[in-house]
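Residue numbering begins at 1 within each chain, and the chains themselves are lettered A, B, C, D, E and F in the order written.
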Amino acid sequence: MSDVWLNSLITATPQEGFELAITLSRRGVKYTQPDTAVLKELRPEYAHSADALTAASHVIAVNFQTVAAANNYWRG
Amino acid sequence: MSDVWLNSLITATPQEGFELAITLSRRGVKYTQPDTAVLKELRPEYAHSADALTAASHVIAVNFQTVAAANNYWRG
Amino acid sequence: MSDVWLNSLITATPQEGFELAITLSRRGVKYTQPDTAVLKELRPEYAHSADALTAASHVIAVNFQTVAAANNYWRG
Amino acid sequence: MSDVWLNSLITATPQEGFELAITLSRRGVKYTQPDTAVLKELRPEYAHSADALTAASHVIAVNFQTVAAANNYWRG
Amino acid sequence: MSDVWLNSLITATPQEGFELAITLSRRGVKYTQPDTAVLKELRPEYAHSADALTAASHVIAVNFQTVAAANNYWRG
Amino acid sequence: MSDVWLNSLITATPQEGFELAITLSRRGVKYTQPDTAVLKELRPEYAHSADALTAASHVIAVNFQTVAAANNYWRG
């Protein structure tokens, strides 16, 4: 994966920061399984499992800690 | 999800901060599974599983760390 | 849940801070499943599972990080 | 549990800090299941499961972060 | 494992930092199971499990917190 | 376990810090199950499970956060 997809952790708003945390979480998956066809196949099962959705939200929360700290919590 | 739902991590009280952490945790789920009908279907099983409830509380705890740090722990 | 249950993260001692972390962990569960009858039903199974008890201790540990930081680790 | 078991997070050495992290992890279990007879019953299964032992080590690691920060990492 | 593989946590960009977090996550596996033949055998099952991929992304997120803090979040 | 095994969190290099994080992770297991014969028995199953290896890497990542912070991320 030689493309550039992450230039900065700084975002204008906390919501954009949260969305960046989602991107980071997905990239963590994609680096491990780069084949998007496989990822697409896994999706239906995944998106219908409460446990899997909670686990996804957990990873987002961890990445959001990083992005929020980077932005000094958008304190103003 | 183009609506604006997160303008600030600053809250008046720790309890409001905890409730914001819950919102963040649910949004993490919703970004992954935006279909509210599916989420509603998953709810009964989910809300009757001790493991799932503990996992939900775990995600809230991680997000509460972020919100609490943003608010300097409401020390002042 | 409109009652006020969390006014401050500051506690007199680390032990009270640990007990507040337990309260936070339980509240995370209760916001997700507010029906106390259901929670009571889940308890016997839960309290006899080593995995569930470890998971509960994990959530408490995460919340204790927050409470301990809020109190500057009761250093003074 | 009205006894006093935690007066301070400060320890003389990092190893004592690690052992305090173990105490915190066990207390997290004990507050949830105070019946020591039940805990004793769970032990054999627990102590022979690689997954359970890793999960226990994980909780200790989280609590050790707290204790280590409280002690400024025993740097001085 | 006596080879030198980690000289610094400092990276030029956040993306390189994320990739270093992936390296750290893989090294954590490799120290536990150094036999690369075994690791190769585990890969197909692993890379086709949504739960395993989320768990991998979780570990990367934790390591990325460390690398990001080391780099002051590439703020400047 | 009365032997001294942890005198300091300070290491010369990040790699030594990572290896200390592995030691901490293993000690967390060993305090819970001190019988090395049992640990040896668990090893084959453990070292051939992708989930167990990821979980091990996760614990190492958490401990590495602590060690890296203690060393100011080996920045200087």
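Heads up, the rule we're going with is that contacts are C-beta pairs under 8 Å (C-beta built on N, C-alpha and C of every residue); 3 or more make two chains touch, one makes a residue touch a chain.
Nothing here was measured: the structure is a model prediction, and the numbers come from that model.
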(message) I need the common contact partners of chain C and chain D, sorted by label.
(response) none
(request) With centres defined as the mean of C-alpha atoms, identify the chain lying farthest from chain E. (result) C
(request) Note the rotational component of the Cα superposition from chain E to chain F, reported as an angle of 0 to 180 degrees in steps of 5. (result) 60
(message) Same residues or different residues where chain A meets chain E? The copies count as same if more than half of the interface numbers are shared.
(response) different
(message) Roughly how far is chain B from chain E, centre to centre by C-alpha average, rounded to an integer in Å?
(response) 27
(message) Centroid from C-alpha atoms only, then distance chain C to chain E, rounded to Å. What do you get?
(response) 31
(request) Enumerate the residues of chain C that touch no fewer than two other chains. (result) 49, 51, 55-56, 58, 62, 65, 69
(request) For this assembly, give the contact graph shape among line, ring, star, complete and other. (result) ring
(request) Follow the ring of contacts from chain A in the direction of chain E and write out the chains one by one. (result) A, E, F, D, C, B
(request) Using the touch definition up top, name the residues of chain A that touch chain B in the complex. (result) 13-15, 18-19, 22, 47-51, 53-58, 60-62, 64-65, 68-69, 73-75
(request) Could you please specify the touching residues of chain D with respect to chain C in the complex? (result) 4-10, 24-29, 31-33, 38, 42-43, 45-46, 49, 51-52, 55-56, 58-59, 62-63, 65-66, 69-70
